[in-house]
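What follows is a group of structures, each given as structure tokens.
Here come two complexes built around chain A, the first alongside chain B, the second alongside chain C.
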Partner chain A sequence: MYKYILRRLLLAVPVLLLSSLIVFGLMRVMPGDALIALMGESGNVGEKELAKLRKDLGLDKPYHEQYLIWLWQMVSFNPGHSIFTNEPIPEALKKAIPVTLELAALAMVLGLLIAVPIGVLSATRQDHASDYVGRFVAVFGLSVPDFWFGTLVITFAAIWFQWIPPIGYASFWEDPLTNLQQFLLPAAVLGFRLSAATMRMTRSTVLEVLREDYVRTAWAKGLAGRMVVYKHALKNALIPVVTIVGGQLGVLLAGTVVVETIFALPGMGRLTVEAILYRDYPIVQTNVMLVAATLVTLNLLVDLTYAWLDPRIRYR
Partner chain B sequence: MNTLAAPAGAVDEIVTTVEVSRGRALWTTIRRKPLGAVSALLIVVIVLTALFANVLAPYDPLDADPTIRLAAPSVAHPFGTDDIGRDVFSRIIHGSRISLWVGLLAVGIGTAVGMVIGLACGYWEGRLDMILQRVMDAVQAIPGLVLALAIVSVLKPSTTNAMIAIAIVIIPGNSRIVRGAVMSAKQNRYVEAAQAIGCRQPRIVLTHILPNVTAPILVIASIWLGNAILIEATLSFLGVGTQPPTPSWGLMLSSTGRAFMEQAPWLAIFPGLAISVAVLAFNLFGDTLRDAWDPKLSRN
Partner chain C sequence: MASPRLNRRDFIRSSAAGVAVVAGGGFSGRAFAQAAPHPDWIAAKMPGKRGGALTRASAWDPPVMDPRLTQSVGLFQFAGLVGSRMVRYAFPDEVTGPGDMSLKGDLAESWQASPDGRTWTFKLRKGVKWQNVPPLNGRELTAADIKYCYEQYAKEGVQTFTFQAIEAMETPDRHTLRIHLKAANHLFVQNLAEPIAVIFSKEVLEEDGDLKKRMIGTGPFILKEHTRKVRIVLQRNPDYFDAGRPYVDQYTILSTPDAATRLAAFRTGQSDLIWLASPSEVETVRKTNPQVQVHAYHNTLTPFGVALAQDRPPFNDVRVRRAISMAIDRPKQLSTVFEGSGILGWGVPYIYYQEAAPTAKDLGPWWEFKPAEAKKLLTEAGHGKGFETTLFYYEYFPQMSSQVQLVQQDLKRNLNIDVKITKLDYTSYYGRYVEGKWDGMSWGFQSGHAIGLDERTYHYMHSKSTKNFFRVNDAVIDDLTTKLHQAPAASDQRALAKRIVDRELDQVLRMWMPYSNGFIVAQPHVRNHASAALRRTDGYGSPTIARVWNDK
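Here is the complex of A and B:
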């Protein structure tokens, strides 16, 4: 197991380095540079100021030097300032990360609460009406854009129940009730989206496991249906579900971008979208890199969990 | 010579049976799962709508008439009108062009590049495979939508750039699936036989391996089409895809749909419905293709 962990860790480093090169490269492909694009749009900045700004931001140095400086900034958790608000990026992140974490965690829990029971029901009643409904809900969840679903949820909550989520973000520790009111709808929208794939996976693995010999044995020795499904089948069926949930972390992170924008939650996603619209490239490259690093780390953890659950994987 | 000719004929026969059975497999699946047929029909309708948008749309999608702004759905305007009095129905019909065009091109480019990388990695393996796959890992480490957002922000928001961004997002996953399929196709005896009789490597790859990995490629492409349409709509919704006044489903939702959603919910409902139906059709059709041609893929 240690060897496996070490090998995976060693593989993750070059991947992250390559990702950082891609992100850095992308930000430098911009015609001219970020500043000209930025200042050109506002149109009222002199050549002198531009040169000074460029020097302050280190944009006058050669590319490889800029890259190394940026890499060092990322590793030492000091990625500089926003061009637009001049706020230190760690400060902005400190405010945004908890919002996204809370949204993601709630969405994940809600997603699983929706997905696993429906998936099991779909499998145990294969080709019955409830299976068709379950499968349709799953495909529907994969097809409905979350920004549309979110917009409809807000609209109809307002029209039918005269209810709009409280405005102005409240942190969970200061005002848990307001906070939950703000997070429940967006988390449900995101969770529904996540549940689609998990539902399909749960259905197909439970179906597969239900055909195994030990399940037949469980039936044969006269166990109750619920016991067979939940104790014998579901437990084993959940292993691949862990992977699909792990594989969805990317969808989850991307989903927060859209959902935060619609529900006006000041998280990482909204910070990134705003930075992109204002071409605030220090924030964009920091956030994209942070998301990539998080995803690689989480995927690594998921793989390690999986290898721990299923020893065959380590020896591949 | 005669003894050699017989097996060659037999191989031809097997090849034609495979060709026939692929169509038949699709037909059997569609008959067993009518949803497949429904989705195929929906796709035909969407394609025809996009092709004949000019004929089908009752009004010019850009024609504004301020006297009928925010009019509710009626016989004259089945989906109502928007904030400057443009016919929503006509705009949705024209919007199908953008969605389909971006989807097809992005998936076409993404699949083609992914296929080339996958073929090279799967056939030659070794150092090339190691390097290219690590690059693919690095691209995949960034969530698709975030990567697309970053690319579009660099290239400037536009339909074409959204398409390029989506194509780049598609490449890594595709290359990996093709690579896997090539690696298993390579184990076949006929590849060994082709190597033994001295076929050149490009010929082995193109005429012996490629035809045997087209099923997973087509299945993945069809599944990606729905996704590509969804990403384009999302990018346009966030303001970095198609720019106004071009009618794009995602853009219609964000610009007028959200601003007037309580006074005029039809502005949000119909474009969203159009996106959902299109994506649903491609997802279902992709599932059907997969069940028919490549049951192994459904496990992954």
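Here is the complex of A and C:
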């Protein structure tokens, strides 16, 4: 098991290196740079001054040199400063990460709370009205983009209930009530989308498992329906569900970009998008690497979860 | 003059019926309102009510807090409330009409130019205090502070072009600043009234090495909190030199990048003010919030137009420029894209050269939609079969894409010009546009912040200016804008401004496109709110907030 984990961690190194090269390269290929974004509109800045500022920020160095400097900064856990605000990147992340983590965690919980019961209900009542409703909800969730659903939710909340979540982020530790008001709606929007795929997967795997011999045996023994479904069928149906949930983490993180913008939450999504627009290279590069590292770690955790769910699986 | 003793409801009712209403007497300053479905200003009973708070959900975040480094509206939606300027334009409740661009003292009590326009002497108000925040701790502002600040603006950042016009400065006493210019400029004082020319403190710059972390000024509000992408909280400055102002104790700007969320925030009362682009948006809001106050905004210029690479063929031929301009159906853009609420498009604020907004006729022959004549002219220029070109743009607002596509259709249909459109992100667009080496066309802009005639003419059109984004290179324009600097009399300045505009329109040096007028919508309890020409309260005209009160 430990060997397996070590091997996976070592394999993560080339993955992260490749990611770093891609993000570094893409940022440099994009036209314009941070100084143009910052000062361009004014047109007041001469070429000489721009050159001086580029030199101050190290943007005049050859790309390979810039890359190596950045790589060293990342390895030494000192990703530098934002070009725009001069704020140390760890400070910016310290503010943004809790927001996205809270949003993602709540969305995940809400998503699973919606998906698993409806998926199981759909499977156990196949081709009944509740199954059709569940399937419709799942297809709807898969089809509607976050930006559309989020906009609809906030617009109709304002029109019908004269209420929307309070704008102006408050942390959970400072003001838990306001914080929960601010996060429930965006988490529901994000969770709804997340639940759609999970719901469909739960339905099909539970359906499959319900036809297994051991489930028939359980029925034959006279076990209660709930016991058969939740203890015998569901646990065995969960492996593909866990896989799909793990795979959706990337979708979840991408979804936070849109949802954070609509609900005015200052998380990683907004930080990254703004940094891309303003070509704030250090922020974009650090954020992408952080997301890459998170996804690699989560995929490993998902794989390890299989062994817990199915004792027959052993890692060597 | 009619009796001014109207309450708000009467006023709105009469304005809605299209009746011009006149205010005065017990009401604050201005004595007119627009005879339109919505007034541009609603009279408020003086004196204003102290206390309470105002909040606005804002699309913008300051990219950086240092006024030397940016002219972004994200910063100047509040920087003008924290800092003061040497002089300022009259506030909406002081002006006599939309064309009133008179200057008032902000930090200066009086000012005078030498007859040759090269030396400007400013007498400062006495007893103006910096905000009572360390390291300033409420010390008195002196002429040396302003001298230092202007020196820094000249040294680096986005205002160097303006402040490098200064040859030397002297402070004969603590409250006098004398500025010597390198060349005559009778409009120089306008540059010191621009919203971006805020006075910052020496102590903060020297202690921090930059102005990115703190903002301390002499303005009506103290910056209490700035949390990026969350909120900006401004607290009343009790030591503000304009005694009694500001009225509200706190003004909060909430970072709300999504337009639907800003609208929802306004509908639910979380935001007191909102900018809406079209009449249909206004009507949608009035359905759910019938009590809101709607102020019509009147643009005096358009910031966007088709910029041509006019330093190279085929656009260096004036016939080609005129043909293209005549092939574009501007009234159609105005009626379809902007629902009829907007202007046809011109670049220099009309208030500097005539009383009323230009009509289609005023803009001259090349600005009318005449496809047959356009075709003839293009044939004369040797391009009868049309040609291929490119156009790149950044979508500043959703309607812009529709405009770009309409132009593409018009040019194909009427002149057989194939325009390949490229939509870029903000920074890519800026990078390419500002560099000024592109071929073909761009959907160009002129900066949004500028109020003064100097900035709108010399800075944007003189061939040597770094802000000449439309790549105007016209000896007549160079000569006229230079003469404008040398003209001390207001009447001469107006006449010269008109000649500059006539030349620009005749040579189609900047091909302006229609632009929306827009509306500022306020909650029923907001009083004395308006946006004067070129000074939207939610943007560069933010200092007006010091004169607004909450009548809850």
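In the analysis below, the second predicted complex is superposed on the first by the 294 of 316 C-alpha atoms of A that agree within 3 Å, B and C clash if a C-alpha of one lies under 4 Å from a C-alpha of the other, contacts with A are read in each partner's own complex, and residues count from 1 in each chain.
Rule of thumb we're sticking to: a contact is a pair of C-beta atoms (placed from the backbone, for glycine too) under 8 Å apart; a residue touches a chain by one contact, two chains touch by 3 or more.
Predicted model only: the values in this text are computed from it and were never measured.
Contacts of A:145 after superposition on the shared chain: chain B is touched, whereas chain C is not. Of the two partner chains, both chain B and chain C are touched by A:155. When the shared chain is aligned, chain C comes close enough to touch A:166, but chain B does not. Contacts of A:88 after superposition on the shared chain: neither chain B nor chain C is touched. Applying the stated contact rule after C-alpha superposition, one finds that A:263 touches chain C and leaves chain B untouched.
Residue contacts after overlaying the shared chain place A:277 against chain B and chain C alike.
Shared-chain residue A:247: touches no atom of chain B or chain C. Of the two partner chains, neither chain B nor chain C is touched by A:98. Once both structures are placed on chain A, chain A residues 30, 151, 154-155, 158-159, 261-262, 277, 279 are touched by chain B and, in the other complex, by chain C. Put simply, chain C touches chain A in their complex at residues 57, 61, 63-65, 69-72, 156-162, 210, 212-213, 227-231, 252, 254-258, 260-261, 263-265, 267-271, 288, 424-434, 445, 447, 465-469. Within the complex, the chain A residues that touch chain C are 30-34, 36-46, 49, 84-87, 92, 95, 151, 154-155, 157-159, 162-164, 166-169, 261-264, 266, 270-271, 274, 277-279.
Partner chain B is touched in their complex by these residues of chain A: 14-19, 21-23, 26-27, 29-30, 139-140, 142-145, 147-149, 151-152, 154-155, 158-159, 204, 250-251, 253-254, 257-258, 261-262, 272-273, 276-277, 279, 284, 288, 291-292, 295-296.
Only residues 134-135, 137-139, 141-147, 149-155, 226, 230, 233-234, 237-240, 250, 253-254, 257-258, 261-262, 265, 268-269, 271-272, 275-276, 279-280, 283-284, 287, 298-299 of chain B touch chain A when the two sit together in their complex.
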